[in-house]
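Should a chain be cited, it is by its letter among A, B, C and D, assigned in written order, with residues numbered from 1 in that chain.
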Amino acid sequence: MGERTIVTGVIGADVHAVGNKILAFALREAGFKVVNLGVMVSQEEYIEAAIETNADVILVSSLYGHGEIDCHGLRQKCDEAGLKEIPLLAGGNLVVGKQNFEDVEKRFLAMGFTRVYPPGTTVETCIEDLKELFQSE
Amino acid sequence: MGERTIVTGVIGADVHAVGNKILAFALREAGFKVVNLGVMVSQEEYIEAAIETNADVILVSSLYGHGEIDCHGLRQKCDEAGLKEIPLLAGGNLVVGKQNFEDVEKRFLAMGFTRVYPPGTTVETCIEDLKELFQSE
Amino acid sequence: MEITNKKLSDDAFFAQRKEVLQQWHTGKEVNFDEAVAYQKSIPPHKRFGTKLAKAVTENTTLIQPRAGVALYDEHIKLLQYLEEEGEADLLPSTVDSYTRLNRYNEAETGIEKSKESGRSMLNGFPIVNYGVDICRIVTSSLKKPVQVRHGTPDARLLTEISIAGGFTSYEGGGISYNIPYSKNHSIEKTISYWQYTDRLVGVYEEAGVSINREPFGPLTGTLISPCISNSVAIIEALLAATQGVKDITVGYGQCGNLIQDVAAIRSLTRVIREYLDKYGFHDVRITTVFHQWMGGFPQNEAKSFGVISWGAAAAALAKATKVIVKTPHEAMGIPTKEANASGLHATKQVISMLKDQDFREIPAVISESEIIEKEMRCILNKVEELGKGDYAIGTVAAFEAGVLDIPFAPSRYNAGKVMPARDNMGAVRLLEIGNLPFTPDLIDFHRQKLEERAKQEKRTVSFQMVIDDVYAIGKGFLVGRPKKN
Amino acid sequence: MEITNKKLSDDAFFAQRKEVLQQWHTGKEVNFDEAVAYQKSIPPHKRFGTKLAKAVTENTTLIQPRAGVALYDEHIKLLQYLEEEGEADLLPSTVDSYTRLNRYNEAETGIEKSKESGRSMLNGFPIVNYGVDICRIVTSSLKKPVQVRHGTPDARLLTEISIAGGFTSYEGGGISYNIPYSKNHSIEKTISYWQYTDRLVGVYEEAGVSINREPFGPLTGTLISPCISNSVAIIEALLAATQGVKDITVGYGQCGNLIQDVAAIRSLTRVIREYLDKYGFHDVRITTVFHQWMGGFPQNEAKSFGVISWGAAAAALAKATKVIVKTPHEAMGIPTKEANASGLHATKQVISMLKDQDFREIPAVISESEIIEKEMRCILNKVEELGKGDYAIGTVAAFEAGVLDIPFAPSRYNAGKVMPARDNMGAVRLLEIGNLPFTPDLIDFHRQKLEERAKQEKRTVSFQMVIDDVYAIGKGFLVGRPKKN
């Protein structure tokens, strides 16, 4: 299916770098082309990078709890920038506190995310899902 | 109010000896006359001892979980033996498992016990309650 | 009645066996040859001894809960939950208190009342009442090895049904399941009962079926000085080996001072090998079990997790072969299956985090271990002397003389003169040495350790310390300091 | 911009102060003299430094949670719950991430959205937005000393409002609140910001009000070798002392190997005193803080209790002055107050059980401590050399040169060449030494320790070990072994 390009990074004012470094490493090991924006990434930076690299997916991490505020409007901005179809994946510790994940998922799907992942999602799951996503296209 | 006599022991097939030894020691220190029957005490033994020593109260311990079965009928046997008014106190880990204590208390009060105590009751509480009991007589 | 530490003759054993199997109707179901065949059909990974041996090779500590309820289908569900969700390596079937006292009628009532009320009215699983077939349903429903854990002075019928029922390990001993668990059984009697149990295991062993045996290490679970429980463990191991037992797990109940706890396991492992070898039992396999704190627990569940985890840490650092796990419900009552699993989880986490750390050879442990060994030798030599070389006779005499003496025991055959208390660092020492045959330097050592504490606490060494120490862990401490310190 | 490690002149400080207090409207509420008077009205038992000093005398380890929510009345309730139900000895106010990055407008939105939705939409308590008066309502509603905990590169305004608001301790430092918490702040910048904070504390000190200061020990919380965090702690302590700070708590984040953890605290305590004395800061009081495991936690709550309790044990055995406590919700998100209290309970139980046990002088700890000290001296000497005796200049140069290098840090001013991995016993060693100025024997030592592990695991030393180690505790282990071992 050709090399796929993933734009990834940790959104907002979030500096959790460990998972990001490891995720990027693992995705590369799995054969993807990874454009890793690191931590503290703004919505605009994701979009610019996705356009520039003609990316197949944007993978948003948020660990610190402000994910809901930070992710708000990302889909709209993508649409406006011409990335109408691009899958948006979100994972990490998306909200403040231990919340029922179904509710969190609903809220993120409603914001236009394609897939949403609970705390503790392994990189293996992430890779499998990406493969599935690309296959189904 | 004169020296008061307490008959105490651990009922049934229960061998938990530590609390019994310490309770007896503490009650003696507090100035009571203590007739300690030790562990594995049958209903009959309590009653015989109470009659023999003209006791003011019977203090039943049960730790191992069979308290509900073991205590069944004690009040009736006391009545039959002429100990109609004698206060019956029960404490320890009276039932199997962590149960709502209100329910346990109700069941034991219904069996004719005067007072019922949850796990972790201190000897201080026990002594205070005994003093109060004797005062109110 | 005069017992000696000799292998029971076949005549004596089989004569007794006839009686034993008639004690309750389920005894009739036991057929030795068929049971041997059944045991042989159990795959190796489900055999207790095999799994322990593997843990020794791999230098890991296995985790095992306690669990037992009145109704057998509930009991199966409980154990399945503990092996699946709880990640238990080894399983138990804890037997109820009526069965332990051979009160099978009352156990029957307990089963009935449990069926009626829908909740377990027994504090364990009544193996004898259920009999061989139901035990096999239980043991064969599980993926992990299962052990019978009880506290039964006369466990002869229970042993018969358990082994025929597919259990591959069996706890207890003539001392450890008498003195802490009984009021009126003489030591002669229970040693003789347990010679039967051990001989039965020996007979299975000779038929090619190895059953793991485990003396109950913690005794009354309350401030037991390591030298006392270690001495009892070694005596019971010798008695068992004499009857042909080949696979023995000796145990110890955590005291709480890490150095002392690791030293206790270290000295136990060293001295038991020496004694077994001395009496020619070179082929007896020895493993160890560490019990998380066996005395009174805090009411608070999170605090209980603290106690549980500290026990797990000590077990791992001592490299015990397995650890028996408490639950956050300990102070309240028999745990729910969820509470039981959560104790296992906390333990597993600590055990596996500490897998690669080993404290057995640090100097402080070695010197504490040397003290315990010295104390053990004082006791064991005296027992041997009293028995003129026979450990069965010696044990009976030793209890009479207070040479063996177990703190807080309910038995009237126990002298009850020994009184433990913690020293200033929380190690369990002896405030009253009673008639333990200690050398003067050991006596001084204990006295001095407690004087050290007394000085720190600005009070005299007294029974109040003992009381304070009994409550201490429940109140959040190890050493029971006076309130206004 | 050139910074040097000199006490800020009054002129420079007060000129800066004028600007700082205008960064957000609540800055106007700060009045130094009035704030001094207010601080002086706080009773001694509610002062952080006093309570720490008492703990040192009594040889106890205090417990402190992390906690902060968006709405101040909820925040008060939370902290009251943690001191009453949770038995916390010391209290925090953890600041939200927008405030940490001086994004006060976004913090305001967070407060509004939290009011609307009825749940905290911020991950902490936005001190700057609330201002002095509300902070005083918070600090005066509590019985225990309260500290501000954050992660703010430019914390100048936050410090002003916090101290005027009645907090008596303040976490952070120019390195420890930059490199792990920021991407784009230069070291010069943040050292200069923190000179302001430290000078402000110094000015209060000169006015008779002592504020405790705490460099953030754990850095990125993930496999930080003790020599790295200890070196940073000492540099930040020297920088703070230069500005007139008199009460400093230096910290360390648990790695998990007990010997190494105790040795880390031991070496930190020894070397910091030496350096402070060397530069004439004899009157600076030093205490220590031990952080329970700061990396990824297990999802399972009971397993988290295992991790928490093991951290508590190490803190107690190392005799740290206080321990920062995690919760069973760690892997999931900001904890509920109940989860927070339960972490405290487990910790309190272990801490007080282990109060009388001390591992600081066991031989294995001493020799590990000697290694760490040697490593620290390599780093600190080089920093001094690079700065020609000036630790501010030296630090900037050291980060540029990778002489100071913090694993897993997000900052682009960090070299990121150093790579840690666990050895065969779980101690954190260095797989890539990067440009750390180690002597050849130290380099060999690390290499050899990792080869030992590689041999055991039958694989070569590689980055895969690092990844496995990052996940290990979350998966239940300390050392991330390959799956099929």
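Here are some notes:
Everything below uses one rule, namely that a residue touches a chain if its C-beta (ideal position, glycine included) is under 8 Å from a C-beta of that chain, and two chains touch if they have at least 3 such contacts.
Keep in mind it's a predicted model, so treat the numbers as computed, not measured.
Common partners of chain B and chain C, by the touch rule above, are absent. The chain with its Cα centre farthest from the Cα centre of chain B is A.
Chain C and chain D have CA centres that are 45 Å apart. Inter-chain spacing, taken between the CA centroids of chain B and chain D, is 54 Å.
We define each chain's centre as the mean of its Cα atoms; on that basis chain A and chain D are separated by 30 Å. Across the assembly, chain A contributes no residue in contact with two or more other chains.
Interchain contacts link the chains end to end along an open line, per the touch definition above. Touching pairs of chains, sorted by label, consist of A-D, B-C, C-D.
Contact residues of chain A toward chain D in the complex are 12-15, 17-18, 21-22, 25-26, 38-40, 64-66, 68-69, 93, 95-99, 119-120.
Contact residues on chain D toward chain C in their complex (touch as defined above): 256-259, 298, 300-310, 312-313, 317, 341-350, 352-357, 362-364, 424-426, 473, 476-479. Per the touch definition, chain C reaches chain B in the complex via residues 97-98, 100-101, 103, 106, 109-110, 113, 119-123, 151, 180-184, 220, 222, 295-296, 299, 329, 331-336, 339, 408-410, 463, 467, 470, 474.
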